[in-house]
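In what follows, chain A forms one complex with chain B and a second complex with chain C.
The block that comes next holds the complex of A and B.
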């Protein structure tokens, strides 16, 4: 979660170079190949090959018997996918993954966006305090974020139950309250990226443009809606898609806080479902098929993302 | 309301939000320092008059978190150094040369960041198991397996991010070095590398976090306690019914602190980088 940082940060720096990269002539045309070789030596066997294996596993019958070596591996075509599509559980998990991710994205953008606007309205000292507290939430590992929030919401010793006078209320027992709790942690972890990116974007809107709007009689609100927002649109697109991709892949928080998917799997999301199918139920091929479905969804989102980036600066 | 009143309200809201956001971190550190009696108390206090390092001592000693901390640190250090070197070379290839599949490669590195890595644990588990038969240093239950996998998953982002920093070095500087007789590798390591160093440092923070925070690979590959790393060990520590919250909070604090320090160190560059996003 925290680990993947904002490509926007990168584009920023990159964007400063407007001319085409200069090509080197000396050293021969094999040089880029040599420079890329170490990266290829790591990524082909440890990234590309497993990706291919994931696809391969999903069309095999590969469970505990095959792992132990007793039973030969069998090609079953699309059987695993048929099983999935016919399984009500899969559809439940798919739907709740989408709803959960959408809820997290909406809340993250709302909180991050509002706070970005707030940051433009406060004293510098308050802004620094706000940025540093957000930075702390951003930096907290998903694992420790989960443990701290679980302690805060603990049934018996949690501060929240005590402060609200709820008695021994179990927040992870109900499906909705468990999702809400996990969602709160996800938003806490991810709103700082949105807040800081959008704030930085607002800062870079030229002052004279806003001044011109005000001179023309626009109120602060109109100036914001008609000038700042349109200028921010490409950045907002990137932030939205980045958030969608992150929140669709949430794993650690769900796995840790609901103990691997909640009571009777009521809080499963696709990622955790795939993992549990493979490593808890030893149905590796079905787990792989879920992973493939997930990758395909993310691929579509990525294509949208790349197009958004492309629209912004025309070339990569 | 007047302008000044609005401004005051905004400032107060800002401070209140900051307090709420940072509160879980404060509560974590506070609970790690509270004596057990105060954690068990029916009436939790938002401060403590008797701070103690008992929880840290027991987490590091009895529960073996010193070992897990060392394991995490070893893996993360190797990943950071290897990732910085490999990503730097790749970034040079992608920014300072024009070749046929350059754009295709760039898009692939971007797409690689979107892959759900948790799903890849399934094939990787078998790959690492088989690898262990030929290279025992990198099989299941070794720190080597984690180094390899963390490296592979930190590279796409590291390359993508470093690209900008390498491209920002003016070609004229490199040309001057060449005219002065610097060799190809001299330009690479003596000119380009130091000039891109601030960017490499910023990128390294993210490689560090990828490795330091990884939970799923450590949980899947490492079975015993000897080679376990912090996140997965924390989960083992976690017993739903008889939680030693003081210990868990102490361990969580130990795990959070290094990341927090790195983030604060790099935050200027991070925000500065983000700032240019619209401007250009």
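The block that comes next holds the complex of A and C.
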């Protein structure tokens, strides 16, 4: 993606049509299909089968009694979905998850993007330090990162309270303050991917294009907005979709930092809610229904986003 | 044909075609008299004394039973990992143990999972069984059948700082009003200390207040449970507990998200004037700054001089339905739960014996236990002994209710009504 997209995009920017003749098609009309076979052989067992099981579980009555107790498994149709959709708590948590994920995605892109720009402007030594510290944050397991941040923000013994002279301030007591703290850790974990990807993309923007823009009298900001950004669009699309999926599915940070969803469940997100309601309670079929709903929401979000981009540009 | 019917047919076809989610066969137990008996016990913070007692027991047992080996594994005690481990054993009988130790609140869920063998007749014919108090037996009974052999019990009482109380001229509280008063005095004189460490997630700390007010989590009639948490009496109890979460006792900002374990930490670190802790917390408190500076009294009820009913916590030994050495497993459980080994376990781990005779013996030996034994004699209570409790527990219904009240996110009426609905949904399902 990184290597193929920019030349084509460059053509678009220059307003020139590609002059290369269309390559002659070799092989029959089935060729694409059998070329897909190796990928399908890996993807189908790894993705389709679990998805099929997830869907199947969600229309059954399947708990620990059915797994090990010899109680027969029963088809219940859409009962699990009805239970779920009728629960006001589910809707609260869904809305909360969408808002939280949107905030995290926005912040991740902003931080990652700004640092990527910064990386193109600083000395090599600074760039190395910057990328190493970002990689360290990226490499830190979610569990470790969350725990360390909680040490920093501990009510009684935390360094942050000590440094700010706040006394025993509990950062996870207020709903917004808890979400902000968890969000910071989510962003801290995911901005390096955005930063590295966008930096790589910016590196591949041909210098002569920017030079031409400058010669035409474009300011640095205009050149960035009108030249660099359009060239980066395919990459931005990917990091946005990735971030949306990651942040929508966030579990560890919320579970660890707010002790399973915060005071009276004020910081629940969908994944933690599914774990608590279904898997901890051994109601696997309800958990599967929540999983299906989450997949659908993500699918819709992704499709809408890709379509919106497509409509604006005529292509990706 | 409508879509629903097509879907039903498709699913039935899938099930019969063998694409169904896997289920474990509820294997009937085998009864080999030789071979390796596998036993799962709870891992403890320092398990070496427990291992020593077990080594003696295994030595004695293998001396009595020829060609038998005993293999003991220690499983994690935290609720999540513990549940995963046990569910794994239920789902794969081939890797399940013959005998397992488990917390008595987990039992009903295990029974509903079809995992435990009925021990009613085995325990009935065990000589020592007549020495088991009724409330202890009740906590190991589900639907009239005993599935667990009670191994040890634990109850909670009120730990308080003797040095702080002496300095401020307060006496240990003998009523709820005195408790509140003492807690306020401590925090006023020592602003860095919590008057009493209580937690919004500490269900077993809150239950005594609800029971003392005449309320309960649920009531049972004819095997059916119905939530009672929104009754007037229960609400009065919730209010009494929530009143401790005040700026001048235990500020909600600091205490709303505390668990029972965190209250132990706070008291052990010298950050609380009082705390409601089990007898087994003694080791942890002695390892902290509070060592040698605390005493214990029963948690007082509202009526002066009364004792608030405590939760009858404890661990059982149970034989799995899939066990391959049923008779041997029962024999080894009876050996571990005999007076001799209950006393040895008390010396090693501080676990209170279940047998009245053994309990009497440790109490005369150790004065520290007097308030706990007095609490037990005053009568203990238990959570609803039904698989629905496992669901209610996993869905954090009671902690959510408590936290809503103590953090002023809902009124007592609204929070208890919501908890009642959630509980009834679990009971009814």
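Going forward, the second predicted complex is superposed on the first by the 238 of 316 C-alpha atoms of A that agree within 3 Å, B and C clash if a C-alpha of one lies under 4 Å from a C-alpha of the other, contacts with A are read in each partner's own complex, and residues count from 1 in each chain.
The working rule: a contact is a pair of C-beta atoms (placed from the backbone, for glycine too) under 8 Å apart; a residue touches a chain by one contact, two chains touch by 3 or more.
What you see is a predicted model, and the numbers here were worked out from it, not measured in a lab.
A.B. asks: After lining up the shared chain so the two structures overlap, which partner does A:282 touch, if you call chain B first and chain C second: first, second, both or neither?
C.D. replies: second
A.B. asks: Check the residue A:57 against both partner chains and state whether it touches chain B (first), chain C (second), both, or neither.
C.D. replies: Both partners, chain B and chain C.
A.B. asks: So, does A:232 touch the first partner chain B, the second partner chain C, both, or neither?
C.D. replies: It touches chain B, and chain C stays clear.
A.B. asks: By residue count, is chain A touched more by chain B or by chain C?
C.D. replies: Touched residues of chain A are more numerous for B.
A.B. asks: After lining up the shared chain so the two structures overlap, which partner does A:102 touch, if you call chain B first and chain C second: first, second, both or neither?
C.D. replies: neither
A.B. asks: Pick one for A:200: touches chain B only (first), chain C only (second), both, or neither.
C.D. replies: Touch status of A:200: first partner only.
A.B. asks: Looking at A:66 after the superposition, I want to know if it touches chain B, chain C, both of them or none. Which is it: first, second, both, neither?
C.D. replies: second
A.B. asks: In the overlay, answer first, second, both or neither for which of chain B and chain C A:212 touches.
C.D. replies: neither
A.B. asks: Quick check on the superposed pair: does A:265 touch chain B, chain C, both, or neither? Answer first, second, both or neither.
C.D. replies: Touch partner of A:265: chain C, not chain B.
A.B. asks: If we overlay the two complexes on their shared chain A, which of chain B and chain C does A:170 touch? Say first, second, both or neither.
C.D. replies: Second partner only, chain C.
A.B. asks: Of the residues on chain A, which ones does chain B touch that chain C also touches?
C.D. replies: On chain A, the residues that contact chain B in one structure and chain C in the other are 53, 56-57, 259, 284.
A.B. asks: Touching chain A in the complex: which residues of chain C?
C.D. replies: The touching residues are 4, 7-8, 11-12, 14-15, 19-26, 80, 83, 87, 90-91, 93, 109, 112-115, 200-201, 252-254, 256-257, 259, 271, 387, 390-391, 394-396, 400-401, 403-404, 407, 409-410.
A.B. asks: Once bound in the complex, which stretches of chain A touch chain C?
C.D. replies: 52-53, 56-57, 59-60, 62, 64-71, 73, 75, 77, 155-156, 168-170, 172-173, 259-266, 276-277, 280-284
A.B. asks: Could you please specify the touching residues of chain A with respect to chain B in the complex?
C.D. replies: Result: residues 1-18, 20-24, 26-27, 29, 31-33, 35-36, 38-39, 42-43, 45-47, 49-51, 53-54, 56-57, 115, 118-119, 121-123, 126-127, 129-145, 147-149, 151-152, 154, 157, 159, 162, 188, 196-197, 200-201, 203-205, 231-232, 234-235, 245, 249, 251-252, 255-256, 259, 271-272, 274-275, 278-279, 284, 287-288, 290-292, 294-295, 298-299, 301-302, 305-306, 313, 315-316 of chain A touch chain B.
A.B. asks: Please give the residue numbers of chain B that touch chain A in the complex, ascending.
C.D. replies: Going by the criterion above, the answer is residues 6-7, 10-11, 13-15, 17-19, 21-22, 24-25, 27-28, 31, 39-40, 42-44, 85-87, 89-90, 92-99, 103, 105-107, 110-116, 118-127, 148-149, 151-157, 159-161, 163-165, 167-168, 171, 178, 184, 199, 206, 209-210, 212-216, 220, 230-231, 234-235, 238, 240, 243, 245, 248-249, 252-253, 255-256, 259-260, 262-264, 267, 270-271, 273-280.
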